Every structure is written in C-alpha cells, then in structure tokens.
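Across the two complexes that follow, subunit A remains constant while its partner is subunit B and subsequently subunit C.
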Partner chain A sequence: MSAILHLAVKDLRIELRSKDMLSSMFLFSLLMVLAFRFAFADAFASGEAAAIDIASSSLWICFSFAAIIGMYSSFVKEKDRETLEGLLLCPVDRSTLYLGKALSNLVLVFIVDILSILFFSLFFSYDYDGHALEVVAIALAGTTTLVLIGTLTAAISVNARAREVLLPILLVPLIAFSVIIPCVSATKSALEGQMTEAVREISSILGFAVVFGAVGYLVFDYIFEG
Partner chain B sequence: MLNKKRLGLVAIVVAALLILLTTYLALFFAPIPQTSVEVANKVAPSVEGSRMQVAGFIGRLIFTNCTGNCTGSPAVLLADFSDYSRYTSAVEDSALDQPWWTIQPLIVEMPAGVSLDDLVLGTNLSAMGEVKKTQGFPSFQADYALAVESSDDVTIGGSSGEYEIVIAPISQKIFYFHMPSAWVCYVAFFVTLVGSILYLRSRNVNYDRLAFCSAELGVLFATLAITTGPIWAKEEWGVYWRWDDTKLVSTFILWLVYIGYLSLRAAIAETGTKARVSAVYGIIGFVTVPMSFLSSRVAPLIDSSHPEVIATSKGGLSAEAGITIGIAVVAFTILYTAMLIRRLGVAESADELEEIKREIGGE
Partner chain C sequence: MIEARGVAKHFGRRKVLDGVDLKVGDGEIVALIGPNGAGKTTLIRILSTLLSPSSGDVLLGGQSVREDPSHFRRYIGVVGHSTYTYDDLTALENLRFFWSMNGLAAGDFDECGRGLLRRVGLAHRMNDRASVFSRGMRQRLAIARALIHSPKVLLMDEPFSSLDQKGVDIVHQLLLEERKRGCSILLVTHDLQRIHNLADRADVLDRGRVSRSFDAEAIRRGDLERGYETMSEGGIR
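The block that comes next holds the complex of A and B.
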C-alpha cells in the first residue's frame, strides 16, 4: 500500500515541478467547454431537459478525452526520459506499479474533472440545480474506472509505434460500456434529482472498476517483461 | 494420412459445397418463417380500406366527431401485440410512433352486433371490419397485401386454432448468412481469448499465431454479420441500425475492440513484445463485452426486438428453416476452421521467412 502511495506521490511531485500535463489538460478542458458552449448555446437555452442532456454528455466527453491526454503521457514520459527501466527495476510487484500509476492518473484527471465542472458552470451559467456535489461524486467514481482501464491500455500502447493514435483506438471501445454509458446516465439521473437511479448506476460503475482493476492487476505483469 | 495443407483444402471444398447447399436451401427450401400464433392474440394482416375478418385485442376506442363523454359507434383499434401489457407499455413510451415499431395496430370500424359495453380494453375481439388505418411502411403493407392475396379464401380470425401470417419480407433470407457469421465471429474471438491466455502461460508462439489468425477471421465474420444485419433491418425495422439493441451494439463494440487488437499488432515490430502485449489486450477486450450486460442501462434492452433464433413458446423456426440454418451454421464453422488452418500455415511461413531473412543478415 505504501509502495503504491510512494509511486503516485513520485509522479505527482514530478508533475508539480514541471506542470506540463496539468497546464495542457487545463487548457484542453477550457477549450473543450468553450467549444461546447459555441456548439450548444441555442440547444442549451431551449429547456431544462436539454440543459441536463447537454451537461451530462458534454462533461463526460470532456472527462474522457482529457483523461486520454493525461494517461497517454504517464508511460510515454517515463519511456522518453529513459526512466521506465528504473521504474521496472523497483523492488515491488509490477501490479503495485500499475496501481501506483493509476492512482497518480486518478488525481490528475480528477483535478481536470473539477476544473471542467467549474468551467461548464461558468460558461453556461449553470448551477447544476444544487446537485453539483453528486456530479463530482459521479466524476470520481467514473474516473476511477476510466483510469484503471486507461492506465492498462496506456502501458500497452507505449510499446507501439504511432502510440498517440493507438491509445484512443484501444481505449474508447473498452470504456464505451463501462464508463461512458453508465456515467452519462448517472449524471443525468443525478441532475434530474433521481437519487436511487443514480446510486444504482454508480454501483455498476464501481463494479466495473473492481473487475477491470482485478483484470489489470493480474495481467499487468505481462506487459513489461523481457 | 492427411497432412495439414491437404486437410485445409478439403475443409475449404466441403465448406464451399455446404454454403452452396445453404444458398439453395435458403432460396428454394426454407419458407419465409410464418409466425404461428393463437389467432385470438393476433391481428390479421391487412391493407387499408379492405374489409376483412380481423382479430386482436382491443387497444383503444376511437370516437370521431365528439368531445368529452362519447357514446355512439367508435372505431376500434386492434393491437397486434402478444399481450396487452406490452401494448400499454409501448403506448406509455410513445413507441408506437417510432419508425422502427414493427407491430402494427389496425383500426377497424365498430363491429356489427357488438355493444359498446363489450368493448373493454384488453379483451380479445374477432370482427368483420374495414381496416381504416395501418401504421407502418409501404413495404410492410405490400407484404401483408401479398399474404392476403395469396390466401384470400382463408377466413382470417377463424373460430379456433392457429393461423399463419407472413410477417417477414424476402430479405429474411439473409438470416441464413447473418446468424452463422455472427456465431462464427463469437467463436473466433473466443479462440483468440483462449490463444492469448495459453500464450501467456506457455510462451509457445503457436498459440500467439492462433490468437492472431483467429482475431483476423473474427473481424472478417463480424464485418459480415454487422453488414448483413442492416440490410434486413432496413426492411423489417425501417432503419438500418438501432442503438438500443444490445446484440447490435455489443457486436459492434467487439468488432472495434478487435480492430484495435489488429492495429496494435501492426504497430509493434518486435515479435516477443507484440505477442505478449496483444495477448494482454485480447484478454481485456474479451472481458469488456460480457460486462456490457451488467450495465443497468444496457440490461433492460436485452429483451429487445432482435429476433430470437432459438424457438420459444411464441413460435419459432419451421423444420425446413431449422434444417437450413443448421446446415448454414455447420458450413460457416467448417469454413472458419478451414480458413484458420490455411491462415495459420501462411502465418507460419511468414515467420519462417523472417527467420531466414534474419539468418542471411537482411532486414
């Protein structure tokens, strides 16, 4: 456990020193929300139901793509700086490495989630009908599943050529059912005030997190080897 | 003694002959499935304006030229649903207005000799009436018209027993190629999963080749399945694709996952890494799809309008259609096996060639 924390803290410390991921993810989410603002201005104003639809779907498109950008660099950076070997030589399980990377990714992506939620509120002058906390909670649950799958595919794609294109190709089909569909509908239910519905969705999202976490824990060993 | 190459060749010939046989049987032997139903639960096929004996349960009473408390002679909407609760839930969801709703309520005039008190919603009614309106597509009505024309001496809505209604247009024949393709693609992806797991356990390169070749064939057959499906769906549902059908969407996602798998393999040069990493992705990818059924948003859609292959109490395939589909499944499975054997041979030769190139120092 402390090894996982150590690895995550190491990643976050490097990030805090350079801030290159945080700044680019910050800008990315700002630009995404801005693009949605221009694209959906009229539709958003057309009624409360439309506003809820647009909010829940735009936020998750924003979260997913920001996460792809963030997770892409988590292994690529190690590879480019030639620190990957050093990391692999750490006297810990490879699976611990996986969870450590996932944890640092979770922190980074979750920060960007919060920023996107704020930007969305600002640009659309939308107050989430008093359900902002629930939206944040769903963002945390969904992002957990997202980074557990994403860290795995990021580690897979780091071995390949054209890896920046490959990561979304590998990741998006995997998160369609396990993240995007349940998260959008959970956010929608939460904004509509249907709490039982939202809780049901969140529990299925967390179920996905457990399954993918377990699969990742088992197979991560094989990705870096030899 | 058959060697591998000869076995593959023989299997291809057998598969080709069986597929020819399937084509013949599908066209000339298997009838378009007749939905055999209790007549009391079904509306007879009809076209607008024609008078005929129709049966169904009462979905709605439609009064014309009145507001408020209406008496007099209503038109009766007979709904062509297997049961009344399905009808009411369809009305609640406004599904009747959807273009893909293929079940067609018919509106007939107030039957003679029936009093208004008898017209209780949900009760079965068999009556002679003029069909005022059918919902649906011209092609549908044409099919119905065909069915009625060809059996015009049949009393639709007779006293008892079963009555057969032609519900599917000629495009239904594509089913004999669609369903075996879908079956084979699931088998192929499962073989990829098994090959991936075995490779990671044993590091035997043969298992990696098996996983790769099977994934390639799986993508091929999945492509066949998801392109033949819409050809039929356009006729039957009125749209090419429905996003609320789990079978369609999960097959599509599976197709994307294995396209990703093949792209991943193409993007890694080093053989050992390629085999290892793609085996990992093959495993995660296969895990995704069964999990889609856990998602609560997706789960209610499982019992959607996708045709059931296995016969249920609601009716099913006729014996002729059953024989045809059986032969088709066997033919496609043999075709897959044959192609897999051939493809494995090619992959093996390609690897040998690489080895020779390396030995003589070329790139």
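The block that comes next holds the complex of A and C.
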C-alpha cells in the first residue's frame, strides 16, 4: 500500500514541478468548452438545446479526451526519460505500479474535471440547477473507472511503435460503454433531480471500475514481462 | 552469490545468449568483457530480472529468481546504461523515492541517504535537481540509487562511463568497500586497467557464451590484455 502512495506522490510532485500534463489537459479542456460554447451558441440562445443536455454530454467529452492526453503521458514519460526500467527494478509487484500510476492519474484528471465543470458554468452561465456537487460526485466515479481502464491501456501501448494511435484505439471503445454513456446518463439524471436513477447509473459505473481494476491488477505483471 | 546456469535468450530467431554459465561469489568482483553485441547487456538484464531467459535459470543465494522475482529484486542493485533517476527531483528526493519503493523505514533514510551522497561526492548538491547535473554527476547519483538498499548483488553495466578522474576514483573506492561488505559485483567494462586493479576474475562473453575465464593471477600476469587484443581478430585464444 505504501509503495502505491510513494509512486503516486512522486508522480504528482514531478507533475507539479514540470506541469507538462496539467497544462496540456487544462488547455485542452478550456478549448473544448469554448468550442462547445460557440457550436451551440444559436441553439442555446434560442432555447432549442437545453443546458442540461449540452452539459451532460459535452462535460464527458471534455473529461474523457483530457484524460486520454494525461494518461498517454504517464507511461510514455517514464519510457522516454528512461526511468521505467528503474521502476521495474523496484522490489514491488507490477500491480503496485499499476495502482500507483492509476492513483496519480486519478488526482490529475479529477483536477481537470473540476476545472472543466467551472469553465462550463462560466461560459454557459449555468449553475447546474443547484446540482453541482452531484455532478462532481459523478465525475469522481466516472473518472475512477476511466483511469483504471486508461492506465492499463496506456501501459499496453507504451512499447508499441504507433503508441499515440494505439491508446485511443484501445481505450475509446472500452470507455464508450463503461464510462461515457452511463456517465452522460447519470449526469443528466442528476441535473434533472432524478437522484435514484443517477445512483443506479453510478453503481453500474463503479461496477465497471471494480471489474477493470481487478483485470488490470491481475494482468499488469504480464505487460512488462520480458 | 548470483549464478547464471545455462542461460539462453532468443529474440525471434536471433540467439543472443547461448547457454551462459557464470557465477559471482560473495565479496567477489567479476568483470565481464566482450565485443559489442556479445550479449553483455542482455545478460545483465536477465540477471536483474528485467528479462526472462528463454531457457536456463538465474540463482540468487541458491534459489531460482523465477520463483518470486519481485522478492529477489530487493537484493539486487543495478547500474545500467540509463541512470533511472528523475530530472525533476533533487538528488536526495531521488534516493528517498527509491528507498521508499524498497520498503525501507522512512525514519532511517536521512542518515543513509545523506551518507551515500557523501560517499559518491554529491553531498554538497543533494538539494539540487538532477536536471542540472552533469552526465558524470548523474552517473554517480545512479550508483547511489543502486546502492540505496544495500544490495547483496551489484550489476554494473559500464559504471565508469562519463566519469571524470575524481568520479572514477570515487566509484573505484565504493566498489572496494562494497566488496569488503560481502557484495557480489558483476562489472561490465572495456577498461582493462580497471579490471586489472579491481577484478577477482574476468569472464569473456563471446557469441553468446562465456568463452574464457581469467583468474586474478592471470589478470595480473597480463594474459587478459593479450587475449583481448586477439578478440577483434576472431575471438579470444
């Protein structure tokens, strides 16, 4: 357990100093919300598109794609800076490395989630109808599942020649059904005040987190097998 | 003690190691030499558990490392071609991270970490980030990283590369101290003078096999130098 925390703290300390991932995820998220603002400007002004519909879908597009940018770098940086082997030489199970990386990814992606929620509120002048906390809770549940799947696929793709392409190819189909669709639905339910429905969706999202977390924990040893 | 028994490694059809037998006893420094592409780095990677052999086995203290590689990594320190250190962390933070990842008690770190940085001549730069270090200083930090958990086996691939004379002397002294502590040291180097001064034995790896072994006496007599000269002419005689 402590090795997981030490690895996550190391990653976060390096990220806070270099700001490589955070700055690109932050900019991407800001640009995405701005793009949605301009794309839906007329529909939003005329009332054709409701803020609830726009928020639930566009927020999750921002979260997911910002997360892909962040998770791609988590192993690629270790590989390119030739520190990955140093980690693999540590006397800990590979699954510990998986959970440590997933934890640091979760913190970074969740920070970007919060910023995206704020940007959306700012650019759409939308206060989430008093359900902002519920949206944050759904973001946390969905992001947990997202990083558990993303960290695993990032590790699988890190040694591939076309790793930039391979990660989204592996990740997007997996998260479409386990994260994006249920999270969009849960966010919409929460914004409409249908909490029972939202809780049901969150349960299924967390179920996927348990399944993918267990798969990652069990197979991670084999990913870096020489 | 670390031992390779009949270690072979294939990458696809290419056979890099072809039944290597090699043993490094406690408190022994064994130099591993050989031409480029002989398989020295692959052997170090297999001994350090980074790679699995295609056949054969690696024994540490008489036990196969295949049984529980993560457990055996606790006893192995590796200095590779890369330093494995983080540019955005200070020298002390780098060592603290690897100390923690080795499951050692946080309370004992300060004395050990600072002491080790003193031994490699980096005590005055312990709070500087590794990114501002010269290549030689990074190499010394890499050696401190490899020693942070007091390993029983030290695998060093060209540890003297990039070091200035002062750095070479520091690492030379460190190796002598580690040998005295009982550490088994496998040293890959092309520096015959260094082998002459340090090694208890020199094994020659050629075409994936240990083709010849020189004991301390043969090294002192200069047999190794003479044998090495013939290597480029088609192998050690």
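The rule we apply is simple: the second predicted complex is superposed on the first by the 221 of 226 C-alpha atoms of A that agree within 3 Å, B and C clash if a C-alpha of one lies under 4 Å from a C-alpha of the other, contacts with A are read in each partner's own complex, and residues count from 1 in each chain.
Keep in mind that, in the parts below, contacts are C-beta pairs under 8 Å (C-beta built on N, C-alpha and C of every residue); 3 or more make two chains touch, one makes a residue touch a chain.
Remember, predicted model here, so these are calculated numbers, not experimental data.
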* Quick one: classify A:Leu174 as touching subunit B (first), subunit C (second), both or neither. => first
* **Partner chain(s) touched by A:Glu225 [first = subunit B, second = subunit C, both, neither]** => both
* To do: In the three-chain superposition, say which chain, subunit B or subunit C, touches more residues of subunit A.
  => B
* Is A:Gly207 touching the first partner subunit B, the second partner subunit C, both, or neither of them? -> first
* **Which superposed partner A:Ala162 touches (first subunit B, second subunit C, both, neither)** => first
* **Partner chain in contact with A:Pro91 - subunit B first, subunit C second, else both or neither** => second
* Report for A:Ile14: first if it touches subunit B alone, second if subunit C alone, otherwise both or neither. => second
* Asked: Which holds for A:Pro182: it touches subunit B only (first), subunit C only (second), both, or neither?
  -> first
* Please identify the positions on subunit A that touch both subunit B and subunit C, taking each partner from its own complex. => 225-226
* **subunit C partner contacts - residues on subunit A that touch it in the complex** => 2-3, 6-7, 10, 13-14, 17-18, 81-83, 85-94, 225-226
* Of all residues in subunit C, those that touch subunit A in their complex -> 45, 48-52, 70-74, 76, 78, 80, 82-89, 93, 97-98, 100-103, 145, 149
* Tell me, which parts of subunit A touch subunit B in their complex? -> 149, 152-153, 156-157, 159-163, 166, 169-170, 172-174, 176-178, 181-182, 185, 200-201, 204, 207-208, 211-212, 215-216, 219, 222-223, 225-226
* Asked: Tell me, which parts of subunit B touch subunit A in their complex?
  -> 200, 250, 253, 256-257, 259-260, 263-264, 267-269, 272-273, 276-277, 279-281, 283-285, 287-289, 291-292, 294-298
